[in-house]
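As written, the chains take the letters A, B, C, D and E, and residue 1 is the first residue of each chain.
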Amino acid sequence: GCSSSPASGTDSSLSDVTSKGELVVATEGTYKPFSYHEGGSGALTGYDVEIAEAVAAKLGVKAKFQETQFDGILAGLDAKRFDVVANQISINPDREKKYDFSKPYTVSSGVIVVKASNDSIKSFDDLKGKTTAQSLTSNWYKLAQQSGATVQSVEGWAQSVALLQQDRVDAVVNDKLTYLDFAKNTPNAGLKIAAETTDKSLSAFTLRKGSTALTEAINKALADLSADGTLSKISKKYFGTDVSK
Amino acid sequence: MTWDLIWSSLGPILLGAVQATIPLALASFALGLVIALVIALMRISGNVLLSGIARFYISVIRGTPLLVQLFVIFYGLPNIGLKLEPWPSAIIALSLNVGGYGAEVIRAAILSVPKGQWEAGHMIGMSRAQTLRRIILPQAARVSLPPLSNTFISLVKDTSLASLILVTELFRQAQQIASVGGDFMVLYLEAAVVYWVICLVLSTVQSLLEKRLDRYVAH
Amino acid sequence: MSPTSFRPQSGVFQPETVLRVAGLHKAFGTNEVLKGIDLEVPRGSVLALIGPSGSGKTTVLRSLNGLETPDGGTVTIGATSIDFSLGVRKQARAELRDRSAMVFQHYNLFPHMTVLQNVIEGPLQVQKRDRAEVVPEAEALLNRVGLLAKKDAYPFELSGGQQQRVGIVRALALKPQLLLFDEPTSALDPELVGDVLAVIKELAEEGWTMVIVTHELAFARQTADQVVFMDGGVVVERGPASEVLSNPRQPRTQQFLERVLHNY
Amino acid sequence: MTWDLIWSSLGPILLGAVQATIPLALASFALGLVIALVIALMRISGNVLLSGIARFYISVIRGTPLLVQLFVIFYGLPNIGLKLEPWPSAIIALSLNVGGYGAEVIRAAILSVPKGQWEAGHMIGMSRAQTLRRIILPQAARVSLPPLSNTFISLVKDTSLASLILVTELFRQAQQIASVGGDFMVLYLEAAVVYWVICLVLSTVQSLLEKRLDRYVAH
Amino acid sequence: MSPTSFRPQSGVFQPETVLRVAGLHKAFGTNEVLKGIDLEVPRGSVLALIGPSGSGKTTVLRSLNGLETPDGGTVTIGATSIDFSLGVRKQARAELRDRSAMVFQHYNLFPHMTVLQNVIEGPLQVQKRDRAEVVPEAEALLNRVGLLAKKDAYPFELSGGQQQRVGIVRALALKPQLLLFDEPTSALDPELVGDVLAVIKELAEEGWTMVIVTHELAFARQTADQVVFMDGGVVVERGPASEVLSNPRQPRTQQFLERVLHNY
């Protein structure tokens, strides 16, 4: 709606944050390992959460997290309920029309995950005529569709896995990082990676259009955190490698 | 720009309504009514076991979220070897749901028919089943029409949950389109208007039906 | 139309007594409502059952029509006899029901059926008779009570008196051996009572066997052969109509008659 | 292992029920009843404008998904300068919803009180408002109890949508826990049982209340 | 108890005529139900309104009690006079209502209130009288009709006759200048009718001014001073009770009386 149009006049995005002393960050809270609760019902944590906290610290404010589903996250950003979204939102041209993005803090590729016994899918071209499951957040929707797959939207990763295991879909296209985390915690799931994209997906903090000052401040903070090794450290904690660039 | 979006998304949303929402609602309602009638009859039968089963069924259906019922049927049953496709799963879950809510409506409607009607049926020599079928149910039909049409209106909106088990209906269409650019507010409102129009049509049909059946209770 | 259709059914077996009730007992929970009722109604005669509210009159009628299951006693209608102390088979109760037909206080017409449909429902659906035979018979009966013109009307379009006349025709169409009336006029406006009573009186004259619960004492005196006064679940007094109504011997009967006649 | 999960998650889920689901349902129901009464009275008032507004309100509330209503209040209203906190937003949306469904129930209950009761009220000199308050509504209360308790049971389950607007209630707790280990089947079932127990308690309260109020209609 | 409480209210202004109705008209849609009704009831006298169903009797009573708004004509009760042809202010209708009290055919007791609460509701809530004064008065009235023992019972625990006596007490407790009865016994079991009629008769003897719609002709003959026979929305015949009921001059009156008396 009209709320996405840049605020006319001065950009108060940064001064608003500093004056109230907190950066309001929207996240799903149910998206392991990026944004989830410790042990299920403990404190909010995750890769995106920790990076957001580090960025807030650099800005000299506290990060205040608000958790809701993907539709609420973006609508809430429009409604000025949040300053920024940290939820592995991938940058794409459609979204860039409506939102400002920071510099990316996750660089990852997409993977096709299939059942271990499935040998018929080895590349994106093999998805032609197959059914894939896909969460609404992710950016791999188009890729799968362009490869000729029938794409089913699902609410999250856990359901994607159930659909695969029950042979209700042939493949799941998702972020590689999500799969790796899952495979680490659930070694006997009977799934495997069938193929990986060559394209990289870039995830970044998402802000309202026109939040130029805040975006720049976050970019600077990210650069600082990258320089002092914080990003890398957080990344290694969750993924064992540095995925922040 | 917003109008463009509304216009371009209207096609897929209406398609979702016509291809999934409406047929899903109709099929589930038809099947649900049969279940509701059976459960209602079990509930008012003198048999302790049958009425106990009916009570339990109604209590579980009405006491637990439809979302979970859908999930159990679609994702849970395969664990015991019963794998149903999305559409059958959705129709089963939704009609079981209509069965639970509708059973109470039908039961109340049957009980609202004056006792004298049962007696008049017996007097002319009818059995219990015959009296029920020819005398009581036609009168109960009129009484249960308004609450049943409420159940149907709820059902239309509840079909949106079928998106969780891979049925791409009206609401899912709106969500998918919205998730690309993030215009959830616009698309949800648009979907809401479509639901509203469907419900308005249903209400109109209800009024017409009520008028036709009115002689059944005017006395 | 032929007046035949208005005559009682004649079976092969024709005992002189159409209804015989002996020692009828019925309790609702601990409330003993019938404490041994005996009745005998010869073919073609009319019995008027009177008594205060709650005395058990309706319960007697309902027992005869199989709508209530007594705890003890025997009921014989025509060739069917049931001893309720033996425990009752559903079958026996249904047979009893088939031999009698009841006219209710509140008519209890089927509101979703036309007048004609109300009348032919039993003969068609239960007795499985031929439509081509049932409809003319029903129309003749309706004509007889002045309601042929209303045959396609719904009950709610009729006055109370008209509805009750349909109720009577519905019972007649079943060709029962015994007609039962439970206060057939007490729900009617006073000016509508006359029409219904006139129909009943004609039926009596035509030789139908009937039991009538009524508070219309003048009508009972004129129409009934026998009057039975019940109170508290027992028969207090019985005898020829004129005798019981004009010269009651029992004090309870006298008191009741006085109250109903409101002698100011 | 599954039992461990159920056991360890029971605490947070019950906490969600006690801290959010139940208070949210109670507050929304109380407020919703007031709205329902006002709308019902508007609907049966002779005034064409008032009854038109009431009809429109009921039609929109019942014809559109609650999710969208919540969405509009929480994410839409800030666009016109009205920014409400999650809890007030949830209570407003849910009580408007109860208001729409409840209005029809209350209206039907008021209309079910015999006309003679209005006349007896007028006969002893009461105004319309006085008769309504002292004579009609107490009797309508008993009639509307079963359908209103159905509305309440639906409301309890509908509170789960409040998670969309940042209220962490029962179902959200289950979702959070499920998202870590992927055991959504187990946790959804667990949540369903908790809902069911809440609904059973409500039904019991309803039966008790019905018995207490029964003299109001026994006549 | 003091019999005073059972006496009609005496105002300051005491005209000889308590009720005067002139040219009362009322149509429902195109159905003209009252076509100019004139009535006059002197203080302490009883008027019985009789006539076939649909003749407009209830509509007359309801107009007097402000439950119906006539299209034309004047109604005067005591000091209050309303000309309905001028268009009616709500206020005037309420005043009319305050001067009369009605006893309904179906009692219309408040089912959620005890007998005593039913009786004191009007005096307390509407007339804003003192509870300490109202309750003893109500109890005295209940005692008078033999129902003091039932004061804490709910209506559903009473028989029809008892309920109707409570209905009468509820009306009396309002201390109206005029009592209206709409077929007060026609919903009652025949043996319960007597008690209610006896109470009404006593009220007549004590000097209450009353209009009674009734089909109990014997009662009307004994109790009423004046009988008015209505048919089709007009007064067909009027006069002293014994005259109209025993020697009706109009053929329509004769016909009606015949039907109601069911002369077999």
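By definition in this document, a contact is a pair of C-beta atoms (placed from the backbone, for glycine too) under 8 Å apart; a residue touches a chain by one contact, two chains touch by 3 or more.
Given the structure is predicted, the values throughout are model-derived calculations rather than measurements.
Engineer: Hopping along touching chains only, can you work out the least number of steps from chain B to chain C?
Structural biologist: The fewest touching-chain steps linking chain B to chain C number 1.
Engineer: As a test of understanding: of all chains, whose mean C-alpha position lies farthest from that of chain B?
Structural biologist: Max centre-to-centre separation from chain B belongs to E.
Engineer: CA centre of chain B versus CA centre of chain E: separation in Å?
Structural biologist: Computed value for the inter-centroid distance: 52 Å.
Engineer: Roughly how far is chain A from chain C, going centre to centre by Cα mean, in whole Å?
Structural biologist: 83
Engineer: Could you give the separation in Å between the centres of chain D and chain E, each centre being the mean of its C-alpha atoms?
Structural biologist: Comparing mean C-alpha positions, chain E is 46 Å from chain D.
Engineer: Any chance you could list the residues of chain B touching two or more other chains?
Structural biologist: 75, 184-185, 188
Engineer: Hey, what residues on chain A touch two or more of the other chains?
Structural biologist: 1-2, 71-72, 75, 78, 159, 162
Engineer: Could you list the positions in chain C whose residues touch two or more of the other chains?
Structural biologist: Answer for chain C, listing residues that touch two or more other chains: there are none.
Engineer: Just spell out which pairs of chains touch, all of them.
Structural biologist: A-B, A-D, B-C, B-D, C-E, D-E
Engineer: Where on chain B is chain D touching in the complex?
Structural biologist: 59-60, 62-69, 71-72, 75-76, 79, 104, 108, 150, 153, 157, 160, 171, 184-185, 188-189, 191-193, 195-196, 198-200, 203
Engineer: For chain E, which residues are in contact with chain D within the complex?
Structural biologist: 65-67, 94, 97-98, 101-102, 104, 106, 108-112, 121-122, 125-127, 154-156, 170-171, 174
Engineer: Which chain B residues qualify as touching chain C in the complex?
Structural biologist: Against chain C, the touching part of chain B is residues 114, 116-117, 119-120, 122-127, 130, 134-135, 138-139, 215-219.
Engineer: Note which residues of chain E are touching chain C in the complex, please.
Structural biologist: So the residues of chain E in touch with chain C come to 52-53, 159, 186, 189-194, 197, 201, 215-216, 218-219, 222-223, 256, 259-260, 262, 264.
Engineer: Please output the residues of chain A touching chain D within their complex, sorted ascending.
Structural biologist: So the residues of chain A touching chain D come out as 1-3, 29-32, 36-37, 39-41, 66-69, 71-72, 75-76, 78-81, 156-159, 161-162, 182, 185-186.
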